[in-house]
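Look for chain A in each of the two complexes below; its partner is chain B in the first and chain C in the second.
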Partner chain A sequence: MYKYLLIAMITFLGFSQLKAQKDRKINFVGTARSLMNSNYLSVRDSIPDTASVKRNDGGYALVDLGVNIKPNKNTEILGMFRIRNEFGGFWGSGVSFDVRQLWVKGVVANALRYQLGDLNLKQTPFTLFNHHADQIDSMPEVFNLQRNIVSYERFYMNNNTWRMQGANVDFGLSFSKYLKEINVNAFLTRVNATNFTSVPDRLMSGYTIQFVQSKNLQLSFNSNHIFDVKGTVANDNLFKSSVNTIDWKLKRDLARKSFLFGGEIGQSHYQYTNDTLAPDLKDYFVHAYAQMSIPKWNLTGTIGYLNVGPDFRSIGAQSKDINYNAVPVYFDRYTNDQRIRPITLFDVVGNENIYNRTITTSLMSENQLFNQVLPYGISTFNRVGGYAKIQYKNKKGIDITSQYYKLNEIRGQGSFALRDMSIFKLNASVSINQLIKTKKLIALQVGTMMQTTNRSSDQSIENMDLKSNQYTLGFRWELFSNFELMLGYILQQNDGHDYLPTRNGYTEITYFNRSDYQVKQELAAAGIRYNFSSKTYLCVLYQQSKFTDKLNISPGFSINQFGIIYNITL
Partner chain B sequence: MKKIIIFISLISLSCLSCRKEKNVIDGPSVSEIFSSFTILENFKASRDSVNFKNLESVYFTATFNKIVSWQITIVGKTSKAVKVIKGDGKVIAVNNSTWNGTTTTLPLFAKEMCTATLSIKDVTPVYEVNVNVTEPKVLTGFMIADFETGLNPGWTKFAQTGANMDFKVKTDSLAPQGKNYFNMAGTVNWDYLIGLIDFPATAYGASVTYPLSTNPNDVYFNCLIYGVPNTNQSIILFQFREDENSDGTLNANNEDQYDFEVKVDWVGWKLVSIRYADLVSLSNGAPTTPKGNALRNPDKLGKISMLHLANPNDGFASSKIDLIMFTNTKPLEP
Partner chain C sequence: MKKIGLFLLFVCSISFQRLMAQDFNDLTVKESDTSLYDEVIEKIGSNFKKPLEVLENFQISGYYRFITNYRHLDEAYPHLANNKNNIFVGDDSQIPQLMLNIAGYTSSKTSFGTDLFMWTPMTGIGEKENVKGLNLGISLYGNFSTSVGNFNVRTGGINWYALSPFTFQTAKGNNRYSIFERNPWDPNTAKVETRYSDFYNAGAINQDQRWGNQAFQGLIVEGAQLPHNFSFSAMYGKTQFDGGLSAIPNTSYGGRIVKSSIKNQNFIAFNTFNNNSRVDSLSSTKAGFNMLTLESTYFIKNFKLYAEVGAGRQFISNNTSNWGEAISFKISTDIKKKFPTELHIYRISPNVFNNSSVFINSSIQQTVSASNSQTQPVLIPVSSAMLPIGQISNNRQGIELNTQINLGKLKNSIGYGNAMELDELSNKLTYSHAFNNLALSRFWRWDFPSEVGPYKNLNKIYRSVFETIYITETDAITGKPLYKKYFNTFELNSKYQTKLLGKDLFLFYLGTFSSVQNNAAPFVVFSEKALLRSYSHQFETYLKLNARYVWTNYVGLERVLANYNTVTDVVSRRPKNQKGFSIATGLDIQLSKGVGLYLRERWMKYEDMSFANDRYKGFESTVELKMFF
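Entry: the complex of A and B
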């Protein structure tokens, strides 16, 4: 069956290509990738692990072939198919044939742009935004090879967007006096489909109206609503969540310095229409910042204020990209007790199975190993405080960025005492080849992130103290033309304890579980990449990951991985 | 515009910079959760004996020094029926521990002495009280079959002539309610059908239709089904045939038939319920369009057929059934 489909498709594409070359109404886009890897697990438990499979070899080849059709100058259609073949399966078993993308977009009367089908949507950081809150800011390039595959698979290509299905329209109005333009964007998407018995259709609608007074002053109204559609199930209890915000940007140039004053304020309402047990959560937030750039010194500094209420709920902005309850793709169980293997740096860097493609309908679990201060980005509820950022970036390839967040809880969790939290980040990258004036790329990047959380209470049992330190080191060297050596190392340590909340379906805390951490994670990788072009590469990669828990709550383990990646972007 | 923005910003910042909610907390108190457990008020039942037939109920009480996850397990000393009541909190009281005679794990409770055991998560001691059930709960609804008096002469039974056929009413300790249940077992290697029983409305009186509500959202069909361990999967198919013109004849070509297919993939007794509005039309297990007015009319229901099916390639299949009945507004609470 697949053989005939493949032949039919190739034939169709062949004829289409002839047509395409003639008038360019049909273009082909897509990606081809082959990934082969061999993984080895070793477990460090008090009793030798004889129950787990220690070796996992595999891989796949896939082709995403998209046909971009422009039937007229105002319409564009994209349909993308995926053929994927797991190594070891051919002509039937292990082969899948899917539709990966499908959308239509166009312009009505040269004024109204629309898109139907798959959409990549983003509003503001408090309405609809993929924060990638647990990602490493300074990811060495050798790990980015896997990270880029995750991004492609989960449609994170346009940063901070979520992939959704529905309809999107936007249009703009221009003015000659007082106001330069008004831009309007609106969308309606389906968050989840009804099962006709207990799960109702859940939709998301939203709009942004942006007033542009000049290039120096902008003001926007943003609205985002998630709601159950009445009548799609017999139950009258409907969920509604709305977030309405105003954001602004004011720019000024003064004495060879550039100033930017920006921010966003808004409120949320989270409710069920006919559920006496459900809370009616209403709250608001304020985010304001001032930025100063001094081009002469290559410096940009920012100070900001953040105040997000404890009952502020925004599903679009508080959905996480990583699902920590997902099953890892390799070695999901280990030890003689066949315990579930914890999600570690190894998975966060390159395991696409744990990543969400779109927003979720309930508040997702946080993971204190990776983010204990802002698990939902700056839209994390129950936070008040400030932050400062400073960046030095010159034209000689030196880029240094430092950030510091100092935050508190607004409402205590399980205690009247409030947590104090801080994050310090320092990331630097240097293009050594520019400093020593050679053409072949030599780049070094280093980064560190330190998170602390503590609480002091009259009741000593309520005290908590948790620290997390992360260090990254990356190196790239173009040994020969288009032939790169890449090295990377990440070290992460978590020490202390905290009380992790258990939440019910209404996001209310029902219980606290004490979590103790003395965890150390290391991830080291070396790779050689040959770049055939900017869109095609072949890479051989070796990676070692090590997870150690001194408290043995999760027994330690190591995973060594050897992989080959061949990637072509059409 | 600029002035407005600056004004809004300054007002917001000055109003909110001191926002701290010092008198409320999110969730239960950590110090309570992690302090050692003490029972402040002993575990007690509100009465020593209870008559569920007279709509009496019994509740349990206890008070603890901290929020705990607790569970009360009530076991009938004769029937071995089990009722489980669970909760989280510091107080067990009438609002969270009332027992009106229902069952969590079948069989149903009988006239018997019961023991209620309170267990608390992460706490070793358990606490017990006895409650005497003088009369069990009376099930309300329209009884189609509980097999306590054998087979109704108005029903029609058909069983294939397969191997090891046992398609009859049985009386033994497995009965979840009363003393009898209906056993359905056998090997039929040429057909899915092992046996069937038709329950026409006329078996219950003169009317050609069942005395049910006109609203399909208010009518629930219920039965207790027993999955026999170590046998092949039984499929029990219920067919609901409507006599839309109430002429006493069920016409398959222009009157609706709805179906409810149950794959018995569990072991032991289990309550199976479905709302009449959720019934679908099936043809060989696949959804199809009803042949009549395509409206679910429980008040026009003329006959129910119960078919015991199994894959002929699998061999011997067996399951048991009891307490087939309709209830109003909600599923059966045995």
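Entry: the complex of A and C
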């Protein structure tokens, strides 16, 4: 009797604890960061620069404090506000308060999931997708410190989503025969709010219906529409852009090899309802690939075909994360003439000012210094060709990936001749510590990317030839427990010339500007980091960047930066 | 056996609960569409793959402080002539009405904290006038242990920190002060009379974390328990004197390395603190200072020997001053185990400048040597100052003797100071008015204006005002005085506890006697030979009426006299001849646990017999409600 009483008591106490944990309705979530930096600019110009600010210090400390409320097991609310104080602000000066995010998510009738408020959305690479097209694939870890901060600030989540505001629902249906399940996702977001006079409300809606026949076969219908809402302003000229696609994946395992055949095809329609000047753009795309994995050899190979029509427009997929017209946060002007400083590697790596949080409905400018072939990722219009990838990745920490793209234009731009383009990428990372069997991390990563664009025409003025080469080198060494030395170097060279199109608001080309390049950019950094955990670290960092334009179209300059970053993330 | 078995079972049940609680949290991650979360990495639509990780330890504490003043002046300074009656809600020296201290612990090693304040000025406008903000700001903390030592990191917002007295610290004084007026940071005590009994028994009251420390914003790294008993600290960032939101570089940096003894409290340390600022928009002109010292404490028999010896210099553009010496030497002992006594000898060159140290600057024009991007407009006196014992200045050498003589229940803290200038640099003398300092500082709200008052010779600093007078015997060309100045000070702080009608009664007296003259003197000069004389008496009584009430009373008297070698009034043609009188009463009421109500009513009268416009008379009522949570 006594024994049974004891067992009952233990069981009761155990479950009461469980219930207490489960029933906590309000929790706090938080992230904090402190960043201080000191920057120095030196200008190499024929006229000594006596007008520019050469040094600046800055930084901030911020807390993102969220209240996570679970009124019941099917509902969750997050309200997060940000408190930020600028470095140097004493006794309350330089303080700002913002609402960082607010959303609610839940399950209705045990079947339908919904989310309302701030969302991170993506569909397919041709409908809604953040390609991060200009980012460096094998970014040395020392530079990732800053890039991760940018990603956090812009809600990039490292998964190709775009931050939107609206509503999202998804539900699934399961079957016992012929079909395993059907998953449906639909969303409606607001892209632009009306100004009640000339700018209408602009919304984006989309849905994906995914048919999963089995774990080996799935087929999806995807649709993405951006449209102006009639009646929100007096103007009856409404914008509409729609993209409809079908994508598929078929897997097979044969002879100890895995095969995947996949692809996506679709069409787009871009129009204004009542604008005689606006073009009515309709086009299609085809993307198909085959992948083979040989686990025994740790190899995966892919070949693919890409055909994206010259009038294919997909705002959700062709929005760029970097706005090259934005003002850099450090030293926005330089030289005695106070020119606008060009955006360089230094900014691309760590300047959140130039990054977009969400999609933009106008076609954003490309920057040939960083991406001359696929500035909008694989959804870049006016491209046809093929690509191949091969990856070797073993359990001893060796990962080598090589990619090659060979593409042409479909329609000439300013010429009947077509551009030939190619990209070659090779990235390798080695965990040396695994090879030599030590516990402390030693890792090396190298990468290269070569882009070429050329065009030969009967009219010599139309000829163009542009080469871009990028090399990266990164090294990490865990000197003491959780103490890491990080080194990184990026070299980028652009040589040649090209004709960059100037487009109007309808994405039509109105002019061409010849751009000549003999540009060299270097970025080197060294840092020491202490890792409190995988996401919390304190780092001291020194970075040097150098921009050289042999043609002196933009005078050369160097920016040296010393920084201290303390990042606490849950 | 049975009992042991039961005990083991009990321990196992607790462990089992905790284990199950952990496992249950993991189960909230589910694949199906019937839950909030899913495990699948690549998922169409919205992407929240797993539950948010929560702050397991999240704390909010703080206080609410409501304070209001009503002031009526029968005679007012000219700038208050149209505002003889004044109502002010709040404390412009420290705004917070509701102060929240928020701390989140992300792990056992890392945490962050911030404060958040709210204030409603109650002007009737409503929410538009309400103020919110941060006081100290957001700070991040971390600590980690390694095989070579333990390390702490602080970064982000304002932290109160100290190195050595000459490098980075504030003067702590000798605990001779009036406690009648409360500071914004003064806590409520568990018993209503604790503030006064502590002052009587321990000679000090509970001070805020800022006591003796300076405000610093930036990175502070500390290492302790290093090999061979070393420890260190390093700091990089800004002080409140070189703060500012401008991007023009303006940073302070420093640190210390300490070697401690295993057997006792002896130590030796190397300290440094430096500032490097740019003073123009192109950041081409540098200004700043360097300070390096060696510091040591050594115990020998009943004596404690303390020394800090170092050098400092300041620079602007390409002009760097010579290094100047900074020496401080203290011997402390407990004479006959009854009379704790400390002798302090110091010397600080006029070339030494450090606005974050215990010595004030009286030799170098601040606007020239420091950055102009300050956000804290605290005016540091740049002249020869009549200072209380414990507060030292550069361009000075001197000796201070402090002792405690207790005669039964009568406890006496006595201080003697004798100092002289090293170079005759300034024809200005500054001093303050102890009898009514806080109330006088409230004549100007919000800012820290200088050269105000009816004769433009008053300067407001934080919760205080100092006055400037000029010496007339100066070199016709350089404007510098013809002689060095000598300073004498004597302080007596007596405390007595008794009972009145069976209630605890505390009686405190603080007398301060100071003189400045142009020749050395062994003691305070009480004649017209002194350029300036200042005598103040402050009497306070605190009667504990019952467990919830303390009746407080105050009487302050002050005389300040200058001689004819200082500027005289154009009308009366006489030098300063100032009298101040203040009488106040009040109540400390403990409304409930952690909630205190403090009432003060002060009548004040001040006049300068020579400078006719320098006078005021009136009263000030203060109500303060403070509660901690």
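Here is the rule we go by: the second predicted complex is superposed on the first by the 542 of 570 C-alpha atoms of A that agree within 3 Å, B and C clash if a C-alpha of one lies under 4 Å from a C-alpha of the other, contacts with A are read in each partner's own complex, and residues count from 1 in each chain.
Simple rule for what comes next: a contact is a pair of C-beta atoms (placed from the backbone, for glycine too) under 8 Å apart; a residue touches a chain by one contact, two chains touch by 3 or more.
Values in this document were obtained by computation on a predicted structure and should not be read as measured data.
J.: After the chain A overlay, clash or fit between chain B and chain C?
T.: Result for chain B and chain C: fit.
J.: Touching A:Gly412 in the superposition: chain B (first), chain C (second), both, neither?
T.: first
J.: Which partner does A:Val348 contact after superposing on A: first (chain B), second (chain C), both, neither?
T.: In the superposed model, A:Val348 contacts neither chain B nor chain C.
J.: So in the superposed three-chain picture, is A:Ser38 touching just chain B, just chain C, both, or none of them (first/second/both/neither)?
T.: In the superposed model, A:Ser38 contacts chain C only, not chain B.
J.: In the overlay, work out which of chain B or chain C sits against more residues of chain A.
T.: C
J.: Of the two partner chains, chain B (first) and chain C (second), which one does A:Leu250 touch, if any: first, second, both, or neither?
T.: It touches chain B, and chain C stays clear.
J.: Between chain B and chain C, whom does A:Phe532 touch in the aligned arrangement: first, second, both, or neither?
T.: second
J.: Touching A:Leu219, do we find chain B (first), chain C (second), both, or neither?
T.: first
J.: Check the residue A:Thr510 against both partner chains and state whether it touches chain B (first), chain C (second), both, or neither.
T.: Once the two structures are laid over each other on A, A:Thr510 reaches chain B alone.
J.: Measuring by CA atoms in the overlay, how small does the chain B-chain C distance get, in Å?
T.: Between chain B and chain C, the minimum C-alpha distance equals 15 Å.
J.: Jot down the residues of chain A that show up as touching in both complexes, chain B in one and chain C in the other.
T.: Chain A residues touching both partners: none found.
J.: Which residues of chain B touch chain A once you look at their complex with the stated criterion?
T.: That would be residues 1-2, 5-6, 8-9, 12-13, 16-17, 19-31, 33-35, 67, 88, 217, 277-278 of chain B.
J.: Over in the complex, which chain A residues touch chain B? Could you list them?
T.: 197, 213, 217, 219, 234, 246, 248, 250, 261, 263, 265, 286, 288, 305, 307, 309-310, 382, 384, 408, 410-416, 418, 459, 461-462, 499, 501, 508-512, 514
J.: What does chain C use to touch chain A in their complex?
T.: So the residues of chain C touching chain A come out as 6, 9, 12-14, 16-18, 20-21, 24-25, 32-36, 44-48, 52-55, 58, 95, 102, 104, 106-107, 109-112, 114, 116-117, 132-135, 137-140, 142, 144, 146, 153, 155-158, 215, 217-219, 236-238, 240, 243-251, 278, 281-284, 373, 375-376.
J.: Where on chain A is chain C touching in the complex?
T.: Those residues of chain A that touch chain C are 6, 9-10, 13-18, 20-22, 27-30, 32-34, 36, 38, 50-58, 61-63, 65-66, 68, 74-76, 78, 83-95, 97, 105-107, 110-113, 115, 119-123, 157, 159, 161, 168, 170-172, 183, 185, 187, 208, 210, 220, 480-482, 530, 532-533, 536, 538, 564, 566, 568, 570.
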